[in-house]
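This report refers to the structure that appears directly beneath it.
Chains here go by letter, A, B, C and D, matching the order in which they are written, and residues are numbered from 1 within each.
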Amino acid sequence: MNGRLRQQQVYLDGVFGRTPRVSTDLTRLEADAERVMRPEAFAYIAGGAGTGATMRANRAAFDRHRIVPRMLRDASRRDPSVDLFGRRLPAPFLLAPIGVAEMAHPDADLATARAAAAEGVPMVFSNQASVPMERVAAELGESPRWFQLYWSTSNDLVESLVSRAEACGCEAIVVTLDTTLLGWRTRDLDIGFLPFLRGMGIAQYTSDPVFQRLVTEAGAAPRTPVDAPAPRPTPSALSVLMSLRRRKISRDEVQRFVEIYSRPSLTWDDLPFLRERTKLPILLKGICHPDDARRAIDSGADGLIVSNHGGRQVDGAVATLDALPGVVAAVGDRVPVLMDSGVRSGADVFKALALGARAVLLGRPYIYALALAGERGVRQVLRDLGADFDLTLGLAGYAAAPDVGPEALTG
Amino acid sequence: MNGRLRQQQVYLDGVFGRTPRVSTDLTRLEADAERVMRPEAFAYIAGGAGTGATMRANRAAFDRHRIVPRMLRDASRRDPSVDLFGRRLPAPFLLAPIGVAEMAHPDADLATARAAAAEGVPMVFSNQASVPMERVAAELGESPRWFQLYWSTSNDLVESLVSRAEACGCEAIVVTLDTTLLGWRTRDLDIGFLPFLRGMGIAQYTSDPVFQRLVTEAGAAPRTPVDAPAPRPTPSALSVLMSLRRRKISRDEVQRFVEIYSRPSLTWDDLPFLRERTKLPILLKGICHPDDARRAIDSGADGLIVSNHGGRQVDGAVATLDALPGVVAAVGDRVPVLMDSGVRSGADVFKALALGARAVLLGRPYIYALALAGERGVRQVLRDLGADFDLTLGLAGYAAAPDVGPEALTG
Amino acid sequence: MNGRLRQQQVYLDGVFGRTPRVSTDLTRLEADAERVMRPEAFAYIAGGAGTGATMRANRAAFDRHRIVPRMLRDASRRDPSVDLFGRRLPAPFLLAPIGVAEMAHPDADLATARAAAAEGVPMVFSNQASVPMERVAAELGESPRWFQLYWSTSNDLVESLVSRAEACGCEAIVVTLDTTLLGWRTRDLDIGFLPFLRGMGIAQYTSDPVFQRLVTEAGAAPRTPVDAPAPRPTPSALSVLMSLRRRKISRDEVQRFVEIYSRPSLTWDDLPFLRERTKLPILLKGICHPDDARRAIDSGADGLIVSNHGGRQVDGAVATLDALPGVVAAVGDRVPVLMDSGVRSGADVFKALALGARAVLLGRPYIYALALAGERGVRQVLRDLGADFDLTLGLAGYAAAPDVGPEALTG
Amino acid sequence: MNGRLRQQQVYLDGVFGRTPRVSTDLTRLEADAERVMRPEAFAYIAGGAGTGATMRANRAAFDRHRIVPRMLRDASRRDPSVDLFGRRLPAPFLLAPIGVAEMAHPDADLATARAAAAEGVPMVFSNQASVPMERVAAELGESPRWFQLYWSTSNDLVESLVSRAEACGCEAIVVTLDTTLLGWRTRDLDIGFLPFLRGMGIAQYTSDPVFQRLVTEAGAAPRTPVDAPAPRPTPSALSVLMSLRRRKISRDEVQRFVEIYSRPSLTWDDLPFLRERTKLPILLKGICHPDDARRAIDSGADGLIVSNHGGRQVDGAVATLDALPGVVAAVGDRVPVLMDSGVRSGADVFKALALGARAVLLGRPYIYALALAGERGVRQVLRDLGADFDLTLGLAGYAAAPDVGPEALTG
């Protein structure tokens, strides 16, 4: 990802009156996307937990750290790539798993995959994707992909999803730990809109043989309450809904999804089950405390992702950039540490690396770009962020991404 | 208060086009309520002392502390309840005493009581309520209730109010220390509106036999000046007022109320009088200094409430969340410490507990909800705050409210 | 100044539909005054040096300190008064000297004096007043007054002004040190408006016999350049001006005023001249550095005023509340230390006292009130600030203003 | 630059109804200029790297430091001048090199030069100026000038430019180190506008004999790729552009400029080449790290300019005022340290001096003034900033600019 070339291209396009499809400043995409998205879709993507304090903290933490550029170190030879689990990434970022992309654009995950493949940026399949992973994988060609797992209440389903991910060529499994329960997301709640209840974002499930078996069995056998005494959507309500939306997704499927998509009782003792069922690297996502980081390593995790789920789960949570150094110190060199939540610029990527991250995950901005300009929007965001990081790297005086350390920032 | 069930209910309601009556983000209620309330009523509820600096400080203090969520600790078993004076509360919050609720809704305290009873949240009767406590108590059934006392210039009246509170089943007496004088409330002053002078918020008095006796005597005997040389509302002024409002409240009652509702000369030496007259736990509200906390315990207080009266009394006062740790350290385990002023989310409740509070009191938000949607609004706020706290608890990695300690926050 | 009585009066007025003439929240007066004042007048009063950073810093410093109220200390006996140079002030504030009050209201200093006399608040006559001090003094009766001096380039004039001040009953001389040059006041400069060039604010001079002699001599003798090679207003320009405004002030008077109103070369060595010519207490205004404070005491100053001239002189200067503790520590108990610049509430007065000030000076708010409601507006501001302070004192747990010390604030 | 005289002039002008051409508060010029500039021109001047965080940090750093004025030190004798490389500057600031001034005003650098000459302020010729340096030099008379160099990929061109600068009477060479690559400037990118691609800002090149030779050779010989595999503007694209704009600049010139204007591979080892080719003082611009400062001195630099290019290169970079003390400490008295980026007032100049800068460079504000009022606008800005600094100096208690040290600020 050569930032200089990307710059030249944009400016030359400008000579012919062609301007970028989406802003090259990722902090501007949210307001732009709000103008084109349906309110409930925008609320779902943009919203956070509670009062939104964690989202604000994520951004504020990036603002607090400042880069001290070094001069005369030959900025012509810049290598923004990083190694991660045997792969060389063109730049130290991946596409974070985001569910229900269909709310942003009808091409949804397929558009994202084509953009990811075009730029060689790893894509992390969301467990709540709008398209089954097999179809998305087909768009990716040789481009790297990972699978993000919500640990289901059914271990059979966990096993099935992981097996399918392996079959789809996924190179790592990301277990999201921070969402065994859904956070108190006030914007969605105020609208009364949860996409899953409309049969959206459950394609990984409806395309799964184990899930289908569970749906069938559920009709016959008495069900074990998942989070007793939680009520379940009444058949009539979901029937009405489904008929209204004229979807090919059954009431039973949605109901079963709601029951089993996440396991609130998950503990450290469950990890060996997954460890035994895949040889893929396992990353734990949501780690913010050094003690959890140590335990994760002791439990055999191959990588950590410092994350607060983009501020969507715990209101008033620690900013991930603030949590990162402690986790990195606890982990040392044993496994790579990634981070996400709040990344919006090449400088943000740079700062995360300086504080010990191997790479970051980019979330909302690419979904906003998807809403604004489909596959081309996503692709532009990837190229722009890569260019921005590449230039930041060179202008800060660093030849290669892995060279960036804490001395690159003010104390 | 199971947050997950509450979430599911709201989202399912949404499927049928039913959205919450009031926002599930309590920080949004103030602006919403302003649109439906009469200006003088909104000013009275929303306003604070002086320039409003204390209200801003209260909120800013919550923003400064950040939660560090812990992973894989089994979020399915969450117990948000806490013990307080032998009762088990469904969640660590109570309804703060707020006077003159009639300005928000004609059902006033009765609506609040019905909502409190429905959710099992303790209600603290305001000494300045719009409805006599006996009528409110009747709405509460078995639900817990406390009584908040402004220490009158008449000890006979104090004794009468406390006796009535006991008869009404109140389980604790909260003595508000911070309002022996009314603060300089600029929004009210600019409008020239004090509800008590219109006969509002004096129902606990007009329904009291001692108060009635004092009113009668006042007509005959020379009155002892309360805060000499304070002038008293002239009979003619109040007569005009009362006739205008066609209320059944007499001029004499309002005048007597103004004279005796609070005792500016109150000192620590007065506490034994109350201690001898009730076996109920006595909580002192308004404590912000560790020395006052120690003296309170030495004086036999059974609990403390760190409070700045929602920023309504001293402009530029310390935020209660900032004052809390010092008070907690001074008190140790001897009595429970509660806090209020600025609580707007489950994360706020969580942070207060982490810094040593046993529970918090929720104020303005429920009055805004009352204005917006009556009893149902209050009930929703209680359910939402409970759900938000329950989810925060689980997502932060805590099984039970009392487990939350300072290690749950960044240093 | 009994805050409780003032409150009662405002609320009772409200019963009859009479609301305060100006807001009881002094931070709101600026915006209100802007609506009624001529733009150049408002710019002159509200403006500060450069970018306005000092004005913002003054306010921010007050916000940083927080009061920790103490409970149960008998708030009925509050004494907000303080002793200052043998006088007992009703509250710890004075009316700061502000020039050219005629821009706010035609009654100018006379209205202020009547308000000051009514409330017993000391008035500091401005050297740049719109009305000669003798006329203002006549309005004050027995009420205390001080005189603020800009040290002229003519020592004869200094002597004359001080003698007149003594004859007018002034009880102290305040030497403003921070304005030997006028600051770079961008709002005035953008409008190109300096009131003195229109013959405004020079009444203390035109009414002075020495000044008149200097004007006459200036016509005959070669003038000594004051700040060579500063050009002087050309006669023609001022003639045009004067004729346009049809004032009774001569071109020569304005020209002479511009030349001699302030002495940029003033040093510590000049102080003995003044010391020898008056027995009145001399206060030095503008001291912000502890070394200057020590030198001032060594030079025989009887008091200090920590001030940055309301942010009108040096842009980016230290906030006075931040400078206060250092000055107080340097001075010890030797002389009283006052402060001004940014005071807008009773809490501000309280905080200044807590940090060592004996009293504060109130500036812009009373001029805004003068613009909004004349003498009655000023009087209301004095009553309101007194009431606000009195209540803050009592509610914070202090019986008397001099008791307030650093322990009243958070550390 | 006598601030008092300037004040008097502005106010006297106001008497006759003449107000300043541009605001005397430089922070207001940006918004004013936006109203008169073409959007792409304004974006180019006002924009910064990425999200604009560095620009905000620059300003915030100035706000954090506070001046502590000293009293009674004779403000009549103020000497705002400083010595720099054998010259005495009227005030401690220079005109920063800014390219493409034609976007602000058709008189461009010529207008700036006339203003600089009138005020005696040194002008630093931009390598990207709109007018060849020889023509600008002709406007300057005896007034001081420097030359700012972007180190070309062609050492021949470097040598030619430096020789021309010497011939033009330049007294120093400023090597801009921070722009070997162009930063990720989102406002320009969103518009797709880079002035150089329209043949703007390349006059130093098209007027250069070496550059012309390189253009001619480029047509015949195979070109060595500069930043392979960077694509070059296609001839057709540039042809279209040039014909559209009907400029007298050839396609080949623009293409060659894009290839060679800056050398990304520049390192410390290249400095001797320049050192050997000129006897002029060499200043390195862009130094923010103490280690770079030391190395610069060791490499024979005669001066440093702490700069982040007005926030245009690295987003999230350290504020220059925050970087200044470290660089000054590393350099000691060996060479003068200058700074730029964010200077908007006399107080800013004062603070930079207090933290060790010998002088500062003023950037955007004079271009805004150029856009608003041409040469007279620039001249006014120089006079106003000089006046503001002179008054700040005197009012802070300093007799001469070099006396200002860290003790002038709060700790």
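Rule of thumb we're sticking to: a residue touches a chain if its C-beta (ideal position, glycine included) is under 8 Å from a C-beta of that chain, and two chains touch if they have at least 3 such contacts.
Every value quoted in this text rests on a predicted model; they were computed, and no experiment measured them.
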item	value
Degree value of the rotation bringing chain A onto chain B, based on Cα positions, nearest 5	90
Mean-CA-position distance for chain C and chain B (Å)	43
Where chain A and chain C are represented by their mean Cα positions, the distance between them in whole Å	60
Residues of chain C engaged with two or more neighbouring chains	none
Touch-based graph of the chains, sorted into line, ring, star, complete or other	ring
Sites on chain C touched by chain B in the complex	2-5, 7-20, 23-25, 27-28, 62-63, 65-77, 344-348, 350-351, 384, 387-388, 391-392, 394-396, 410
In the complex, chain A residues that touch chain B	49-51, 53, 57, 177-178, 180-184, 186-194, 197-198, 227, 229-231, 233-234, 237-238, 240-241, 258, 263-268, 270-271, 284, 286-289, 291-292, 308, 313-319, 322-323
